Amino acid sequence: VTLPHGDALEAAAREKVSPSTYAFYSGGSGPGRSIADNVDAWSRWYLRPRALVDVSKISTKTTVLGAEIDLPVLIAPCGFNVLAHPDAEVAVARAAAAAGTIHVLSTASSIEYDEVIKATDSPTWLQLYTDPDHGVTDARVDAARDLGFTAIAVTVDSPIAGMRDWDSFGADMLAELQRLGSRMPSVNFEATLDWDEIDRIAARSGLPVLLKGVLHPADAAEAARRGLAGVIVSNHGGRQVDGTLPPALALPDVVEAAGDDVEVYVDGGVRRGEDVLRALALGARAVLIGRPYLWALAVAGEAGVTELLGRMRLELEQAMALAGQTDATDVAGDIVVRA
Amino acid sequence: VTLPHGDALEAAAREKVSPSTYAFYSGGSGPGRSIADNVDAWSRWYLRPRALVDVSKISTKTTVLGAEIDLPVLIAPCGFNVLAHPDAEVAVARAAAAAGTIHVLSTASSIEYDEVIKATDSPTWLQLYTDPDHGVTDARVDAARDLGFTAIAVTVDSPIAGMRDWDSFGADMLAELQRLGSRMPSVNFEATLDWDEIDRIAARSGLPVLLKGVLHPADAAEAARRGLAGVIVSNHGGRQVDGTLPPALALPDVVEAAGDDVEVYVDGGVRRGEDVLRALALGARAVLIGRPYLWALAVAGEAGVTELLGRMRLELEQAMALAGQTDATDVAGDIVVRA
Amino acid sequence: VTLPHGDALEAAAREKVSPSTYAFYSGGSGPGRSIADNVDAWSRWYLRPRALVDVSKISTKTTVLGAEIDLPVLIAPCGFNVLAHPDAEVAVARAAAAAGTIHVLSTASSIEYDEVIKATDSPTWLQLYTDPDHGVTDARVDAARDLGFTAIAVTVDSPIAGMRDWDSFGADMLAELQRLGSRMPSVNFEATLDWDEIDRIAARSGLPVLLKGVLHPADAAEAARRGLAGVIVSNHGGRQVDGTLPPALALPDVVEAAGDDVEVYVDGGVRRGEDVLRALALGARAVLIGRPYLWALAVAGEAGVTELLGRMRLELEQAMALAGQTDATDVAGDIVVRA
Amino acid sequence: VTLPHGDALEAAAREKVSPSTYAFYSGGSGPGRSIADNVDAWSRWYLRPRALVDVSKISTKTTVLGAEIDLPVLIAPCGFNVLAHPDAEVAVARAAAAAGTIHVLSTASSIEYDEVIKATDSPTWLQLYTDPDHGVTDARVDAARDLGFTAIAVTVDSPIAGMRDWDSFGADMLAELQRLGSRMPSVNFEATLDWDEIDRIAARSGLPVLLKGVLHPADAAEAARRGLAGVIVSNHGGRQVDGTLPPALALPDVVEAAGDDVEVYVDGGVRRGEDVLRALALGARAVLIGRPYLWALAVAGEAGVTELLGRMRLELEQAMALAGQTDATDVAGDIVVRA
């Protein structure tokens, strides 16, 4: 297959999915300003390449939580991939594994966790929605540990459901999920989720814990004090509260506050390899992509996601070469300039 | 009823009112640039949420001039509500009371003040247009005191009529008001209104006095020196002079100048709960909404205003929860960042 | 008559004049970016009104070069007013006199200077295009002195013709001028015009000399050192070189450099009384208007210009009142804030 | 001939060339944002003219690498000019010579280098794409030296091909080139190109060496340390990696870092004489133009390029005169102000 680029990819995916799925995937909170802001914000960091560097060998390898990966572009956790394609999370896991990167499986996977994890030999993280019933949380945490997930990314930007003006998950979506034979975990947002519960999850799981959905540097600093493994700078794809600081602009302060011991990731609006390079220059260890992989999955299943990750790898390699950067773990900070 | 959102609400209201009423409500001074500026300016403050705060209990309660209210969203004083709906100011008063907030009744109420005040048990403020004839001013002040209004908000941005290129209050509007049986107070702008007259009003009324229409920090500082109760940062909905500093941008300097003893309120362009949160983060005690309640009133009368206030409360609670803020009286200033 | 506002005024005028006249009046240099920039730049200064000032008496009076005028809005020198209306510069002079302001007559007046000057008893300035033939310059200077002009405004932004991509003054315009019986002075730009020639003109004329077309503060400083009477901040209506600093943005630095002894004026993009107030707040003594008076003249002759000046006076008075400013000679600088 | 201006010139050229040629010439990398950015960035430097300077004599002469030229507007190296016009690089060389400026011939000239160089008596530079096979590089360097090119501009922003989403050089273009009888050098990008290879080229050629495609000041500083002749600030017309710092904004830092011994040139988005003046004010010794000359060549061959250069000279002279600048080698830095 050959995936269309940019907006054309979204348009092609829209043809493949139900209207309610498209609305669910593409929509955001409130007036939806953050969805465009997330994308635009990356371009507010001008690239300023270095010249005359030997770029015959470009390494996009890096380590995440000590594990080596080939591409600093992770699959962000998105729920119910079966809405995009019948192969769902298994297809995504295989594509991520083939690309040598990490699949962050959503709590709301449409396929049982063990099926997904067995589909590949690659390290996989579990995104965790905690539950007001800590027994439910514990069952997820234990499953993560027992099934061999290598890290837990706890979503911390969703103590309540997002502020959607439209009904983002109505009866027609439930019917569609049922018809598609989806596993249907109930996500119950936990308004009391706090730092101590994070500590408890970390202790119980024995796994590295990342916080997904950090925008404020004070939270990154607290993560460092608590000895957490990482933070993912994110505004949940503009789906929780509209009008937040875009991740691309929040990133530098978070990196500074996180210090050397907390790994910083970022998602939101990353569309091209150039954006990945910007994120690395600003101090992120890797990015995550959400909607782009859903569109690719909808258009062409596993092959689509594979092509997308291959394209992003190629773009990142090209952007690195053209910016005089050879090593994804050592991108110079001064190759980006605020517009 | 279910109110439409955003621009769709205004469009729905437009269907309900006469063209001249729509022009009167929606219009601004000069080229009308401030109307859009007022709204846009709020989004120039990016939200930067805190995470991992227990937000199971969100309190939108606050005190205004010592009185507890449930929602820091007051009803701004707008004249002649009968143009929007026959139940007019009585409907609005009831909706405000039901929402546990303050109705700021306009001098130009289309219903007699006592009828409005008797419609609820809730504290109500009177917006005061002073009159060149101080006897008229005094009659209004005495009525405020005798009828049980709990505060007077003196409009200070209107020493003369607004600079409207179009005839905002022509013969057809007068005819419409007469036909609708409106009380028809004559508003005569007082060009000589000054600080001493404010002192005189405060003394005569024995009521807390707020200044409505402050944009300059020096005026907030003078209000503090005079021991006034509060200031309302406002450019009169963009209806007096076009091209002013939008209230969302004027707010921080006014808050700083006002000090601890003068309560600061803000109106202009507040459309969603996220904007309310921004205002609180910037130091406002509460916001006031004008056009949105007129549109809701036009669309569905008291029930419309009730729904609007309910929605704004829900949005504020959601935005607070998603920003890790639990108490409307103690919103952190660093959850907003200038774009 | 009742003049349309804003763009509608220009559209109405366009109906009245020949296409080549419209192109000549409305056009600018190069891509024409400065024409819009000039207007937009004023709105980049937000107004921040003062409240509770007795504004029952507003004085728009000021002095220009020691002479009292009623309105700090002067008529900018524009050539060949006969193209707009047969009464041409005489109509304009009368309207300016009636408004109590200054008419700055263009060297390229379509009516003989003495006819224009005799049309009123009011002080009139002559705009001077110097000539490579100093005999021609001297004849104009002597005429200025002998006919009773009270000041000379030497254009200093036109050592050569403007960079117009289109032929701004072709054969059809010459034919039209001839048909209309215009006086047809030949304007020959003087590339060698320098400070010494300015000194010579000042000495020969015995009149106060202003420099029209200053954008750089260093030129204002030099004007102060030479003891000149004033500078007019202007980019020639965007007609000389495109992409200059808009006068509204150049003004503050020029005011600072000019010091106390050189009066500073400004033209370019002033469209409403609010803009005049901004200019006064930024330190200008008065503004000049060009295209707006040409459009008014085209639409309704002398009455049109009279209405325009009356409207601008009303708007200025209103804007002053609403900003808490009572005296055009003493407008507070802190009522404007950069956007 | 009379060339259209601005976008109309591009539109006229588009009529003359094949669709694939138009795509090749007009296209950029990625989403193509840099193409518009490059042009817009110049206008973000407002001009702030000086007045009352004798501008009767304007000199656009300057020296480049010690050689006097009449116009600081060089012809940027663009490949395969035969696609625009059968007279191709010979036409361009003649037009450049007639204008008294430098033709920088592309490695990918469609006409043999010696034919081009023999077409005029003027100094000509050779743009050099180095090759992974240093024998190929050496052959080009030796040809440059032996044929009498006076400098070598080594492209340093292309260690790999540009990131074009579209196929910028497909089979149809190769067929078109063959049909047109073009010389068809194979450009093989050299990913290992580094500073030492630059030193080697400089030593072997004995010619002054410039680096084409510098955006980062650190690279200009290194060029100074290595004793190179010059740097050309460029993002390759937005054709390598999208979203870079536009040359107009990168220029000042590069000028500062380059110091006194390295000449700084700039290309990208220069469209008018005013842009040339801005570049000179910001410290560039000259600019290069790419797409504009290709469009002119397509529209009218040598005469078109001659007219274009004549127009740019006229515009530069006019802009200099109107900005009070008489000497292209001594343009004041304070006549530009950042918007």
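Chains here go by letter, A, B, C and D, matching the order in which they are written, and residues are numbered from 1 within each.
Throughout what follows, a contact is a pair of C-beta atoms (placed from the backbone, for glycine too) under 8 Å apart; a residue touches a chain by one contact, two chains touch by 3 or more.
Being a predicted model, the structure only gives us computed values, none of them experimental.
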Same vs different contact residues, chain A with chain D, by half of numbers used
different
I'd like to verify one number: the distance from the centre of chain C to the centre of chain D, where each centre is the average of its C-alpha atoms, in whole angstrom.
42
Averaged-CA centre spacing for the pair chain D and chain B, given as whole angstrom:
59
If I count partner chains per residue in chain D, which residues reach a count of at least 2?
none
Quick check of your reading of the touch definition: is the inter-chain graph here a line, ring, star, complete or other?
ring
Using the touch definition up top, name the residues of chain A that touch chain B in the complex.
30-31, 33, 156-160, 162-163, 165, 191-195, 198, 211, 213-216, 218-219, 222, 240-246, 249-250
Within their complex, chain A touches chain D through residues 5-6, 43, 46-56, 272-274, 315, 318-319, 321-324, 334-335, 337
